[in-house]
Every structure is written in C-alpha cells, then in structure tokens.
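Should a chain be cited, it is by its letter among A, B, C, D and E, assigned in written order, with residues numbered from 1 in that chain.
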C-alpha cells in the first residue's frame, strides 16, 4: 500500500461549480492509503504544483491522486510535478472530475458523488502502482516525407536545412503537387509557378534530400525513432539518373491521345511524358497502360531517339528499404468527385468545370495557353457563373458531399472572378455563395476589391440546377437577399468543389497506426496544442492531409512539422513509454497466443531453464517482450489465458481495483 | 464394438518397445472392473501384456498427458490416439506444448466409447461382468444370473453420440481403416437452448451450474487447459476462487473457462465426460464453436497444426458485436 | 450461540509499536484495544495474526510469557500478510487468535539443564521467547549459551537487546557471527554450523536450534559430530502451521500434525516421521 | 421397532417436516440424486448413493465464518453465527452414517469447531439399509454392516413397508412423534431382509478387500513404496475424489472483500491440489505423487493412527465411479497388498 | 421513509485514444449524460478482459459498456478488431446463459465524437435503467 496524497482541483469554477470539492477531499481521506488530502483552485498552476511537491516531502507520499481535468490534459504536468518532488512520475493517477464529471453533470449532489467515486477508483489504482522507468531506444537521424506537394517540399527543405537527411516519396512522376497546377495565388496574385518552382529546384539540388518520385510507401514497421519503411519505386521505364529531360522522346512518341492528368484531362499527352516543363525530377516517364512497346512490343521509338540511352523497357518496380527516425505525412488533398452532383451537369457539359480546371484554363502553360476559352468550342465565354460550396458544408445526413467547409474556395473564387474581370472586362461574372468567409491577412480586402473594384456580382443563394441548352448553360438559382428566382444563361459554370484527403491517406494511416477522423483527415495529437503531430509518436502532419488549408497555412504547418521532426532527430536516444507488457515467466507456458495478437511483433520466445523444487532444471518456452517495440495496447494481456502477460501501468489488478472501487 | 482388436495395438506397442524405438507407451491400463480404465505409461512389454487394454471404455483422451510425460523421457513416447484425440494432439502442437519429435503417434479407429453411467442405468447396478458384442454389451450383474443385452448405440458417451469426425488428423502410423469427418448433430442441443427465452435459459443454466462442486475435473482433464498456473488458482489474478460460493462464482468459472478455450477447444468432450455432476459443459464450448462458425466462418480447432485460432485473428469486415443477435436470428 | 467462542474467531489487537530490526524484519508490539495482553502463552507457541481482506498468517510469539503487558512478533517481509504488516503504523488494528502449538518443554525437560540456543537469521524470533523466559526464571536453568548468526551485521534481529541485555547477564554467553567480513564488525565471521563446531560445546547441554532448513541440517550434523544425541536437540517448525487447530489438513508430516503435535519437536521425534519436510 | 406402510410415506415425511426440516435424496435432474429439502411433491429417490455425500449438512462446501468492517485503522469483528435449526436427514446409507463418526473425530476434538458442532447437534439421522448394493461398494471392509445401518434411527425398506428403529434418544423422540403413522413390530421382521443384504454383500466384486495391512504404524512400510509413482501417474490433480468423499474434510479459510466489508469464509480444499500445502516455508508436497500418497496414507494409515484404528474411508464407492481417470482407493489398496489372502 | 429512485450503475471502459478523448470532448461541449456512468481508462479496448466485465457485474454494476476506436482507427492498428471478436463471442455467451443481452454493449466512439459519446451513454443508461437491477449476474455477498 502507498502513502497517498489526494489533491482536488477546483479548476476555478469549472469543477467547483458542479462538484463540492471540499466534500470530495473529505470523503477521500479515509480511503486506504490516503495520508494527506487538500483542495486548491488550480492544481496545475505553479502554486498548485508546489502544494503537491511540499506534501510529498512533508508526508513522505509515495503516491499521488489528482482529481482534476482529463489526464489527457495534465497527466504529463503532474507526472513532472511528481518527478520534481523526487517521486517516480508513474506514481500519479488522475481522477477526471472535469471533462467526465463537472462538465457533463448538472447538479451538485450527483456530480460530487461521482467525483468521490472517481477519486476512490484513482486511489485504488495508485495503491497498486509501481514505479516505472522508461526504456531507451536509439534514433535514426533521417526523416521521411510522404507527399511532394508544397507541404512536403517545405518540410523537407526545413529538415534538410537543419542538417538531417530527408527522403520525399511522391506518387506522381514529379513533385510540386496541387500548387504546381495553380495559376495565381491569393491574395497577392503572384504566379504560383514563380514561387513554387524555385523551391522545387532547391529540393532537387539539396544533397540532404532524396526524391523518390513515382513511388509509394509499401510497408511501415517499427516505431518512433526506428521506423523501418519499404518504398516501392514504380518502374518508369526510364533510367532516372541518365535521362536529361531533353524531351526528344516525348516529341517522337506516336501515342498522342493520352489524357493529360496535369491539365486535368483538358488536353493530351504522349505515352512517354514529362508532366510539365519545370518538373522535378525532370525525367520522362512511360505510361505502361498507354505504351505500345510495353503492351505488345511494337514501337520502340523513344528508345531509338534517346541519345542518352535512358529508355529501359525491362525496368521493374524497385523496393527500397530505409530506416527513419520520423515520418511526415503530407499527402494533401483532391477535389471530390462530381459524379453524385447531377444538378450541376458536370458530366453532361464540358463547359461546367471545377475551379482547379479553371486554374489550368487561365494558366499560360495550360491547354489554352492562358486564354480563357470555354472547353466545348474554344469560344470566349461572356457570362461566367461561379458556384461556391459545391459539396462543402452539406448537412450531416446528406448522401453526398462533406459536412465541413473546404476553407479555400471563397478566396480562390474571388481570385478567379477578379482575374476574369481584369483580363476580360466584357465578361459578366456571377458568384453564388452561402457565406463568404474571408478570415486571413488581407483576405477580406481582397474579396471586397473583387466586388467593389472589379464588379463581380456576388449573389447570396444556391444554384438549383444547371441545364445545357444549345451552346448555353441555363443556370437556375435563387437570390436569397432579393428573394427571387434567377435564370442565367451562362457560357461557363465554374464549381468550387469541396476538397477531401487524398485516397492514399487511409491505407497509409493504417500502416502508420495513426488515427483519422471520419472524413479521413489525419487526427492531430491535440487540436490546439499539438496540431502538427499525429497521436502516433514520430508521425507528423503537414498540409491538407490534416484539414483544408491554403498555401500560407500549409507552409507554416510544414515548417512547424519540420521543427518538430528536427526536435526529435537531434536526440540521440528516445525514452520509451514504460507502460508496456511484460510476461511473468513463471506462469508463461509459451503457447504463442500473445505473439499472434501483437500488432508490433514485439513478442518472441526463448527456451529458458527454471529450477524445479527437486533442484533439477526444467526447460520451458517462455515469452519475452521487446520493450522498445511494445506500444502497450494490452491485446496480449487478454489473449493470455493464464494472465502471465500483464501491462505495466494498466495491470489487471489495477483495473480490477478500479472496477471494485467504482462498484462499491 | 471396437473393430480393431486389443492385440493389434498391443503387438505394435510391444514390438516398438522391445526394439527400443520408443522408450515408453502411453495407453490405457486395466482396472478393477471391465469399465474403469486408467491412462497409464507402460515401460516394458511385459507390463503391456499384463495390463494394457483397448476396449469400449477407453474414452480418456491421452493427448494432454503428452505435455508432462514427454518432459520426463529422454526417448520417444508411443501414444495411442482415437480420431478425436488427434485434434487435441494438433492443437497442443500448435501451442508448442510438447515436442513432436518425442512422440510416436499411433492412430486407432474408434467406433465410439461407452458411458458407464448409461450402461448401469440400463443394465442395473452390481455389475459383475461386461462382454463386448458386435452391437453392444452383454452385462451380468450380481442380482441376476441372466445377462442383460445392451445396444452400444444406447450407451455411447455424449461425445461419441455426437462424434464430429472419425478421421485422424495427425499420426505417425494408422492401425486399421481411416474414417471420415462426420456431419454430426452436435449443435442441436445448443440450438434448443438458444430457442428458449432468456428467462428459460437462465433457469436452465442455474439448474445445471448450481450442481457444480468446483472439483476442477473439467479443467484438469481439458487438453486446452495447460496453463502453468490457472487464473482460478492464482491469488493475484483477481479471479482466484476455490468454491462455488455464490451463483456468480459458478457462472464466472464456467464462462471464463469456456472463453479461455474458445477457438482452441477441439470439442473432445472430456469436460462433460468427467463431470461428476453431469453438467453438460460441452454445451458452453459448443456454443462458442457454433458462434465462431456462424460469425467468422467454419473453423475446427486442431484440424490443422499451426492454424490461427479465431480469437487471435480478425478480418476488417467482422461482424459487429451489436449484430451478433441479428445474425443468430437468421 | 454467540456465547460459545470459536477458536477460528479472533480477537482485536492493536499494534502499539513498530521497531525496525533489520532491513526486512520489523518487530510489532500488540495489545488488545483496552491495552491488555491478548492471551497468555508458553515459550515457542504461535499466534495467528490477520488483516481482514489480506489474510491470516501464523507467527511465533517472540516476547516472553513473563511479559504480561504485551506480545511481540518479529516478522520478516516475505508475503502478502507480512508485506502489509510492514507498511502498518502504530495504532493499526489487526486480529489475533491463539495460542497454538506445543511449547518448548521449559518446565520439564529443560529444567536444570545447561541450555544452548542456536539461531540463524529470523530463526532467532521463536527462540527469543524461550531465551527471555529462561533469563527471567534464571534459577531454574544452568548456563545459557546463545549462538546467533546472520548474513550481515544489519541482519541480526534484536541486536540491541542482545547487546544491551543478554550479554550483560552472568552465565549467559552470547556468540555472534556473520556470514562475511564487514566493516565495523570485530566479532566472529563464518557460518553458524562451523562456528558451533569451533566453539565445541559440552555434550551435556540441551540444544534448541532454529533457522533456515539448510542451517538446521548442517548444525545438527555438527552437533552430532560434537557428540550430541538427537534427543538433546529441539527445533521448531512453525512455518508449516496453517489453520492452527490441526483440522485443515496441511501441516501433517506422516501422522503428526505440526499444529497440534508441534511446532516444537525433539530431533529424534522427527526421525520417526516420513521424509516430507 | 416401528413399521409404516409405504403408502403412508408422504404422510410420514409431512409429519417429520412439521417439527424439523426434512432432507432426503431426490433427483438432481441429471441422473443422480441430491439431498433435497422435502416439500410436497419432492419424491424420495431410493438410489444407493447421492452424488454429493451428506457431509455437506455439517461441513458445507463453503460457509461464512465471520465478518469484518474496516474503517481507517480500525476493525470491527462481527460474529455472524446463528443457532442452527433442527433438521432430519432421511435415507442416509450405512457408509455415510459412519462417515459422520470420522468427521466428528476431527471437528469435535479440541478445539471444538463450533460451526460443525452446532449443525451436528441439531440433526437427527435416519439411516437406510441398502437393498441393492453396487459393484463399487466395499463398506464391509470397514466393518460397516449395510444391513444394520447406524444413525439416530435405522430404517429398512421393503416392497411395501418401511421399518424404523430408534438407536438414540434423539431417534426415539422422533419416532415417538411418528407413532400415529407407525405401528409397533418385532425386530425380527427385518431379519430376512438383513440376511438377504448380507448375502449380497458377500457376492460383491470388492468383497475381497482387507484392511489387515493398513492402519497404525504402517507409515514406514508404505511411505517410500515405489508403487506411488505408478499409481499416481494418471492422476489429474483435480479434487473430484475429495469433494465427493464423505470423509474428506480439508479446508481453506479465505477472505472475500465485498466492497463494504470482509467476509471470512471456509471452503473445501483438496489435498490433491498443487498449491494445497503452499505455506510460509514453501510447499511440502510439490509433486502429484506426494499429494496422491498423502490422500491415501491419510485415509489408511495416518487417520487410524490418531483415531484408535478408525479408517478415514467408509467404502461408499463414490470415488470409484467419479474419478475422471478411474484411479481410486481400491486400486491403491490392492496394489499395496490389501487383498484377502 | 425516503423512496430511492433506482439508478443503474454503469461501468464504461474507454480506450485512451478515441473513446476516452470522445468522452472528454463531450465534456468540453458540456453534453450531458447520467452521472451513473463511470469511466475506466484503458489503453485500448483490447485491454478489456472479459473477467473485468464479469467482475463489474459481480460487484454491482447493472451495465457494462466498452468503447473503442472505430474499426480501422485503432491507435494500435488492430486492437479493436480483437475486441470486436472477443466481445461478440462473450456477449453471445452471456446471452446464452440467460443474462440480459442489453446489459453489455460495445460501441465505437472516436475522439471527435463527443456528441456520439453522450448520446450513447444516455441511450445505454436508459436501456439499462429499463431492465432494472442486475439480478442474474450478481454476487449476493456484494449486496449493499
């Protein structure tokens, strides 16, 4: 049994408002082991922590129970406090009487009663706590960035800048991501390529950075500081180190009618291609689904014209194994599919386009060389309707679309409208919106310029239906302010489509054992205080994989993630989580059941000799847990029939003691 | 009833013992009466010839003894296994409970084993002799000079009446002919109970479990129960308990016992066979087997050595706990 | 019904004092809540102490029967109950029942004899009661020799009492030894059995041995070498007592029950028992 | 001797039950019999033996001894013993009646176990002669006469009548209460029955068991016998034999924390269990061989040594029919030389 | 004489990463649920041993709910998949023994689902309250 101090926090009125803290501390004083009790306004404050430290010293406490907010909030704080008082940090238990008590219960009587029970459970548990010491593991001083968009690029550059090697894995043949497809950027209207491509070149030239383009992460094992990653480098049938990117092969390739992904299918590319002029790495890639040589062995033109001899039709997918200390996820976003949005006639008319397609249409390197021509007949559109919130902010029950706000649409739509009016003043531009959201530096000013200086017609209301009729698009919409139905004959309709996480994110999350929200955005370790870390140690989040973001936000998060990675990689050793499984060898019968359920492969078996009562030795197969690999989930503890496997910090006896205390 | 004669087994074992190919033989030894057969380790062929039996009362599953007996021997141990015993044999191997190299497994076809209690219920007490016939038994008691004829099928052990397989799934040598995996009706009784109302089920099990005297025979005979220390014997486990003090303790013991062997139980039926109180313990195990089959696809523990037990496995599309009862209703 | 006392139903005891003897041995002073001694006992008898919810355990009563105010128990930390007791503080209530077992024959066989006490480690605990009883009834006994050994200086139980009281008695000869050399120790170094041989006692003494089984075995061998007969040597086996009343079925060695026929045995009696201890 | 027509059996039970709870063997719905509290509709099952022995009446599998309330450093001890009610056990076989004597010598010897004594004092035992002993019966070996069972009242049952004979004051008092339902008859009326039973007993397969070689002073002879290893080889170490045994009385005392207090209770334990002898000094019987030997040595040697030659086995045969691996005291006795020459 | 309204005792085992955080979020958003629900934090739902559940019932719980991450979201990749199988079988067995099936529940509650947590607890508490006291899996010794 411990000598326990009980510290009840008022949390101002957050707890004290619904829980009689005095009554709680009084009720807990007779619990077994309790030798000191008090309550205080803010236990987490320095003054509060000092109370704990003093009490530990004065009363020789061996265990601490803090009745306060969630352990997810301040467990770490109070563990540090305990350490400062000379106590093992794991001799602290928190009774969550705020989030799970005072904040959810209304009346003082039941709140207080529950707080007392939660306190008793924590006391019962701490009575069985044992001092724990974290194990140490080395740190591999190399980072992996998954995704080569602006987020990944920025993260990689910052990490490399600090002197650590970084690998970028990008599924596309080039890095650059979505930003490379953009024309201008809000609110400054500078050209996206002009600010992005120098960074891409920096990446290419940085000797700390390796780019695995046209590659995917195949398998991730290990844990923080010691990830073991297999990267699949897909065969591009071009020797990357030899190809000069001259483009001769592309020019001569007879397969000309392959939809060009970079321009979102609005024009064509060849079977061998370089996505765009400033691609990094600037090497050609053969599309195996389109190349005749690869499909039926007939052609071989590119190989003939390549003076460098870089073409290699026999190339195979290559698997690279590398160890990393940290992994940054920067898998970005995609516009959602418009298949379910028949009302906008996206699939019926070429002249209903998404905003990203609009970017390509106005981009000088795009399919129309920057001239605003409508895709169907390459005529200049005179009436353009922009529709916002297509698939964003949908009702929770809606069968299509997303509940969340995609965040970037208001601003880019304002940008598009403004640019159209600027270049083609004869064009009428309507923007249909639910709300216009412009929080951000110089954002609202930008939007107001679109309305006030450029005469963009903003109409609060929804577009009900778009119907192609002849060469016009009949747009039926409501004007909520005027309270009337509108019928607009438009030449071009641009949809501000909701964005969603890239499809590769979910399998990746599974590999990383990182958690995701219901929309497949990666969950951060703490929404406010740890926004760039995943709850899985050693995994960091950069860019839109964590939530919709514009470029400045993405870049700042990318740098933040980089700084977290650097903070990790500068360490030589990591202290592990001491709350891990361990097998009682005297009870283990070596049946392998626990190893079968361990997600980390942390359990192995050895033959060990045990002294018998008659002084002979008996060899038995027993389980051993690798403390550096075990993450402490406890799956093995339940799989183990005999209870030989137990979890430190969450021992069966401790959980049973909590159950007993609660049910008493 | 048994088609393979005792002497076939005896000569096999004696020959191997005499040749030094095995160090000992694990078989069944003669008792006081015809029916009280005791598992026994024979070390010489003379012992075998004197006491070895193979008759219709060799219900005991010898596979669990391999765990302790192989440890004591330097050489090989010959063991006789009935079809159902071979499933336990595989399951024990899967769980690394003994070394395969130390065992010479001789598979014996089985026509089903007799339940002495059922026999006595039909033939009466005071049995002085039992003769096996082709179709059953000829029983003489001290109360009657004329023998009573009893049909073998009427006195089968529960596990034999609902035999799941006459096929041996593991052995080094097979004596006699191989049998088939059977379509048994072993889940009928489980279904009958499932069809009851919750109240009826509760009453049924209270009636059964209240007879429990916690003698641990079911656990100690079970080939799947080979823990170094059982949770129910371990004062630190939080579940230690020596007596069925309250109805809760009875339920706790039997639920957890069955849960611990869920997915590992081969349905060898030993638990019910040995229960001095005739509690149908196999029904608890079979409920788990049936559920596993329904929820996660057919699985027979011990059918294959090294197979992954359902409770240490999963699929992404597994049934949700809340859908369990919907599935059962189907 | 409640008028009949049942031996299984304990009485309340209060720990009034806790003395730290060695790193793993503490001596507890126990009285009833009204400050009296819980019951009378004879040297070598045991009492069942318990903490409800933790369990019962049998301990030698280490204080002398001549102490009429309280009982003392020297307890080594080695299990649930002892762990719990070791963290208990003065004022803690426990339960106590007893006394149990056959005592040392202080009023018969020991009378008028020269006594030789040999103890190892915590083995002194059961003997302390006898030693003090004999000291308090000094006239009834001849010379008293005490050989006591432990792993180290710090592991000598009751060291203060030994030095302050026992060594000051006339006709009480204390021979202390520790297993290994240690700074600050100028006494004998070596194991008890060899020390006994070294000391070479007269064979007219009656010996009482208590300690770890291995120490008892070798000491007994040494004694026999010195010419002692097993009928002159006594030992106690109180660690094998469980229920205290000879009914629970555990403590028997052959047909003898340690709870009732022991725990004190004369070594020749043990020879009559099957080898199961 | 009194006699009562079987047609009046229910009335008889009714009458007994008026003054004291009546327990008798009835079906356990699983092919066996269990002592059941009689009430209208409960039928007496004239089986040879109940699965559980009647020792439960005096030494139940678990019983609460006392309670404790804890508060801070203070303890309150609650004596929860209650005076037992009077009760009558009907239909106890001769062997089981003898088992009470074996238990008495343990629990009623000093210090007396008041829990046992209390129940024992309030019981009236009506025994029943065995008309159809089984092949597993060997009570004769222990000098028990199945034709003349002991108890407060001895009973014999024929096709149509029940004969009752009081052996003790308690028994006589009970029979006096039943005088309206019974008629006086001569002891000789049951003689043919007894004759028949004794003849059957001679024909039993285990008739040849002899106790000559067992009892006091035989410890050295058997303790180191090499046979123990072989005999115990198949023993599972379960407690079946000890729990169905009418004379096994090993127990454990344990505490149960109810959350609001601590109940100290006693429950059956078994010398066959591996941790049974785990005590402060370690475990004195580490192997199953030692534990197996202990059980049979206790029954055949140690107990008689301490109890004037009385054996701690009554030959009821329960362990013979219930042992999962059919190892039992008869096989042990025969192996050790316990057969009539 | 004061008439006590029957209040069920509910033990909720919540995994640290999703459901416990979900419960915290319910708190952050001040979403009410009955105080009868007492939460025990476990690292993962797969840490919940069936013995803990039975223990809770023994000691007087009227309902036991286990909450974990949604399938696919387990912080430890696969813990909740094992939980799903274990609990499906356990619940089915308890039902087979005649224990009311509504007394046990397994729910997936993510860290973002504060509202779901509160709604689940409200619903479960109501369901258990409707069943009344746990009589079939109680230990009479623990009766207050």
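As a convention for this text, a contact is a pair of C-beta atoms (placed from the backbone, for glycine too) under 8 Å apart; a residue touches a chain by one contact, two chains touch by 3 or more.
All figures in this text were calculated on a predicted structure; none of them were measured in a lab.
J.: Among the other chains, which touch subunit B and subunit E together?
T.: In this structure, the chains that contact subunit E and also subunit B are A, D.
J.: Taking each chain's centre as the mean of its C-alpha atoms, which one lies nearest the mean of all protein C-alpha atoms here?
T.: Most central by this criterion: E.
J.: Relative to subunit C, which chain's C-alpha centre is the most remote?
T.: So the farthest one, by centre of C-alpha atoms, is A.
J.: State the pair with the higher C-beta contact count; candidates are A-E and D-E.
T.: Of A-E and D-E, it is A-E that has more C-beta pairs in contact.
J.: In angstrom, rounded to a whole number, how far apart do the mean CA points of subunit A and subunit E lie?
T.: About 30 Å, centre to centre.
J.: Between subunit D and subunit E, what distance separates the C-alpha centroids? Give it in angstrom.
T.: Comparing mean C-alpha positions, subunit E is 46 Å from subunit D.
J.: Please tell me the distance, in whole Å, between the geometric centres of subunit A and subunit B computed from their C-alpha atoms.
T.: 53
J.: With centres defined as the mean C-alpha position, give me the subunit C-subunit D separation in Å.
T.: Each chain reduced to its C-alpha mean, subunit C and subunit D end up 40 Å apart.
J.: Touching two or more other chains, which residues of subunit E qualify?
T.: Residue numbers touching two or more other chains: 50-51, 55, 59-60, 72, 78, 82, 86, 141-142.
J.: Which subunit B residues touch at least two other chains?
T.: Residue numbers touching two or more other chains: 231, 237-238, 245, 311-313.
J.: Enumerate the residues of subunit D that touch no fewer than two other chains.
T.: Residue numbers touching two or more other chains: 252, 254, 256-257, 259-260, 269.
J.: What residues on subunit B touch subunit A, complex-wise?
T.: Against subunit A, subunit B makes touches at 71, 94-97, 226-231, 234, 236-238, 260, 308-309, 311-313.
J.: Provide the residue numbers of subunit B that touch subunit E in the complex, in ascending order.
T.: 190, 193-194, 198-206, 231, 237-239, 245-249, 251-252, 255-256, 258-259, 262, 284, 287-288, 291-292, 295-296, 310-316, 318-322, 324-325, 328
J.: Any idea which subunit A residues touch subunit B in the complex?
T.: Those in contact with subunit B are residues 586-593, 596-597, 605, 618, 620-621, 639, 641-644, 652-653, 656.
J.: Applying the document's contact rule, which stretches of subunit D touch subunit E when the two form their complex?
T.: 256, 258-260, 263
J.: Going by the contact rule set out above, which residues of subunit C touch subunit D in the complex?
T.: Against subunit D, subunit C makes touches at 1-2, 4-12, 52-58, 78-79, 89, 91-95, 213, 237, 239-243, 245, 247-255, 273-277.
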